[in-house]
Amino acid sequence: MDQVPDLASIVTTVCQDMETHLGRGRVADYIPALARVDPRHFGIAIVTCDGRIAAAGDADLTFSIQSISKVFTLTLALDKLGADLWDRVGREPSGSRFNSIVQLEQEKGIPRNPLINAGALVVTDTLLEGGDASETIAKIADFMQRLADDDSVSIDAEVAQSEAETGFRNASLANFLRGFGNLKGPIDDVLRVYFNQCALSMTCRQLARAGLFLANNGVDPLNHTRVTTAGRTRRINALMMTCGHYDASGDFAFRVGLPGKSGVGGGILAIAPGRAAIAVWSPGLNAAGNSYVGALALERLVSLTGWSVF
Amino acid sequence: MDQVPDLASIVTTVCQDMETHLGRGRVADYIPALARVDPRHFGIAIVTCDGRIAAAGDADLTFSIQSISKVFTLTLALDKLGADLWDRVGREPSGSRFNSIVQLEQEKGIPRNPLINAGALVVTDTLLEGGDASETIAKIADFMQRLADDDSVSIDAEVAQSEAETGFRNASLANFLRGFGNLKGPIDDVLRVYFNQCALSMTCRQLARAGLFLANNGVDPLNHTRVTTAGRTRRINALMMTCGHYDASGDFAFRVGLPGKSGVGGGILAIAPGRAAIAVWSPGLNAAGNSYVGALALERLVSLTGWSVF
Amino acid sequence: MDQVPDLASIVTTVCQDMETHLGRGRVADYIPALARVDPRHFGIAIVTCDGRIAAAGDADLTFSIQSISKVFTLTLALDKLGADLWDRVGREPSGSRFNSIVQLEQEKGIPRNPLINAGALVVTDTLLEGGDASETIAKIADFMQRLADDDSVSIDAEVAQSEAETGFRNASLANFLRGFGNLKGPIDDVLRVYFNQCALSMTCRQLARAGLFLANNGVDPLNHTRVTTAGRTRRINALMMTCGHYDASGDFAFRVGLPGKSGVGGGILAIAPGRAAIAVWSPGLNAAGNSYVGALALERLVSLTGWSVF
Amino acid sequence: MDQVPDLASIVTTVCQDMETHLGRGRVADYIPALARVDPRHFGIAIVTCDGRIAAAGDADLTFSIQSISKVFTLTLALDKLGADLWDRVGREPSGSRFNSIVQLEQEKGIPRNPLINAGALVVTDTLLEGGDASETIAKIADFMQRLADDDSVSIDAEVAQSEAETGFRNASLANFLRGFGNLKGPIDDVLRVYFNQCALSMTCRQLARAGLFLANNGVDPLNHTRVTTAGRTRRINALMMTCGHYDASGDFAFRVGLPGKSGVGGGILAIAPGRAAIAVWSPGLNAAGNSYVGALALERLVSLTGWSVF
């Protein structure tokens, strides 16, 4: 492998370079718990396949990972269903906003990919099947604790409750999918699990650690546990690259050049295959709903490390 | 770099593994010159950054590179205009067919990306600007000869003529773009250049050689000429990854895991950054208009070489 | 007024002419109560402004009026809100299927017109506002009894229950509208009222009688009660003409030339302004979801009576 | 027939009532000849089936009839092809802007109706077939002179030329239709005829006179010539009602209640079946591209005459 960069100095540099940008973008305001977060936060954490950790800024504050959770439920669903999952969800960029229902109609209830809301609801439905909502939620939380190697990872009950109270668009998508027969569990249960997985509260350090298996062919390199197969890992990364930032996925690939997944809480998980997992967090969002400063920080990081896959 | 694979044996294996698939898919039939090509052809060529070449099958037969030419005109346009190009064309996957006009209307004449037809017409328009169609065509042909290091690369006049005679959809797109002010040269000239670039006739060996700079940060590693900057190279690769296979780009990234660009002539150029450029050719197309056997061969190649970027 | 046609002989002729077409089309099968109706039924009833009644075939069998109820709830809502209703719903043909959600997204939660499902849900929401679901349902049923001058008009509880159990698309629309703030009552209540209004069970004779005020500038000509203003009557008729048959409204205007509203139960209510209200029923539906034989019968009726407004 | 209203006093009233609205809306500015028209013009003319004529304001100034010409070429095409025309063009409202290309793609090159640009191009193509562009233009001009009973009706060559020079969107539509095989004549010829028919220059008085056959079952009531069949007349009127004002057709039906066709020159032709043809003109357009004051005037006229078909 190429020369090992001095990650501590790199994350410090990135953190300093972001100073002038802090506060840009708009904090998600559809639920109170997200709306009251200070937009000036910025955190970054890198965990490498050879066990180095570098962190800076608010890397140890928790934030709501929101849609980043879709990467982890996808991992669970692929292990449960294998390739059968692709009968129920596609793997193409949608070219539309994260909660769009248009394509779903045109394409008869098969969501474009598992990283938009409709697709993630189908993924969650597969996890629930034959089970109970609370148990499924517990299973997801447990999976995240194991991946993050940290028992303190938990679900923010206030966020989950708020999501449920205002999640009309997701309820609409769920009913729509059910109308096409592509949601099998009770709608309220699927939504409950979904709102809870989105409400996972993590720090940059925990999130980078949790995503590390994706940088190492599916094996957690620090405890040598296989999380998923090498083939599925490559495919999850490919989906993050082409679909991980909604209708700005092309722009993220263009500027950053790493597979990544964003959440409206302002977090982004990026994977440098063979090297490291990186988590950034800054709550201000751009027009496409992705962290404004977070994407900028990753762009800077890649220019300093040369970690672009391209 | 990791262990050097034995490329000669790998391309032979791929070639043998494709035997049972030859003839699958549908040859493009909208112009006679394409329609009469035998669907059972298959060729593959790899040129590595350290100068090794491996080829098998019909690697030395010429085919019409069609939309693969968009990668090369994009390279020229980026060097001419720099980032200003992005005022006139986006960089997001379209989620639609290669010749769709729908998004163009919804997005007021700004094509989603430079690798769909509408975007490529804008790119061609920027190359033409202030110039003459024949000179622009000559400039593109010359660029391809230099990149391929082969003076025999040429444009198939019959194909170019046939494209012109049947290219109503492209004429529609060009007029549409002009209606929005996003095409500045004479429409007939832009179309003439476009139809000619699509009619470039190349072998797998020539095409892989021509694309090699994209695997080496913009420098041709064999003659040490800089073709474009490292930054633009990464961005062209990113666009090939997210947009290179029309509305099946996600599937290609998922299965192959390399930036790639397909053409309806049945060719695909794929880039393994830091390693090699690969060209495959097989005329039968899948439903999305990409080479059926070509994509399969690249999937097999990547499983043998481990060259996926993910 | 022009010469009075012999309506008894006309409906008999229409009835006979339909013989060879009976059974064409496909009975709605999304709920058992509709699916088991014999497709070979055909009924027709005409009630004129001067009090004549002509009926033939199964004019006295009840059927589920389904979406025809939208005309009557619109009448109630216009009297309640006046022109303010048009802040929440448009009055343009949708060019899409009855339950399409696409336009709703593009147009930010304002349904195209009150005769597609999304628009009718908004209309129902305005009726419910500040009230209780059961009372609102009773109010609608009472309105229909008064208009039909027949206390036996009632809601089929089995149909209403089945609609509720399978109405995922409508639940999706309701949640979607709520996400845009264009549905104010509790979603479950709005849906309950909506499913009940659709489950109104009426005969052709009752339905033609109930619609008679629309042929007479808003006044019931038989009991001289004003139901709504002359202006609103013209507007309801205009909406039936341009939007009453979903994405086949143009075809119905073209062939029949009368304002009309269809339901998936196979009924159609048509209005000949200044002359008569006509109800037809035949359960087989065409591809657009409108009664195949019903539309044919109205086309025949108009050719015999010369009642086209054009 | 009902009591004959005093038309002279009615048009005077309408004219006075429009005073305060004159100048509203935006004059079409895509070609110089239209852009320089004074937006404060207003003219109205009524010709009744029993031969009365009433006119007021600028009823004798010529204006460019633009898309109103589509009604007349449709009349010619229906007489030439009969119902076969409907294999190539639909009869449903489009729900989209007049020059939209979106539906055309989704519906494989069959325009939604003959009164949007794409449909009118197909209609024009049927008139041209087997003939020469200049002859076809002459035939259309001659038809208009005969209908208007006025040899001075002519085509404004400057307008036709300007349309040709800026008509990229129409050229795009024509090429698109050709790509689907639904345009058979030479594209340049079809466009030339189309731009010329749109450039017909007429007064309100001439236009109302020319449309009179549509109010009288296809027979010109003043010279007793049959222009087309009664059935086709009803169908043309139905199409004007559902599709005559682009994506504001529903609103026009709702407010005015007459079949009508607008043009971007600011003219509207409205038909009161059995009674009269009415032409209004005022150049300022609303957001949907229809005459702002013209529609208002017709709404007022109908409230004074009671001529709504509803």
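By letter and in written order, the chains are A, B, C and D; residue numbering begins at 1 in each of them.
The criterion applied here is as follows: a contact is a pair of C-beta atoms (placed from the backbone, for glycine too) under 8 Å apart; a residue touches a chain by one contact, two chains touch by 3 or more.
Please read all numbers here as calculations on a predicted model, not as lab measurements.
Note on connectivity: the fewest chain-to-chain touch steps from chain B to chain C number 2.
For chain A, the chain with the farthest CA centroid is D.
Chain centres here are Cα means. That of chain A falls 32 Å from that of chain B. Chain B and chain D have Cα centroids lying 47 Å from one another. Centres computed as Cα averages put chain A at a distance of 55 Å from chain D. Among the residues of chain A, none is in touch with two or more other chains. Under the contact rule defined at the top, the touching pairs of chains are A-B, A-C, B-D, C-D. For chain D in complex with chain C, the touching residues are 90-96, 103, 112-113, 233-235, 237-239, 241-243, 247-251, 253-254, 257, 259, 273, 308-310. By the touch criterion stated above, chain D contacts chain B in their complex at residues 100-102, 105-106, 168-169, 171-176, 178-179, 187.
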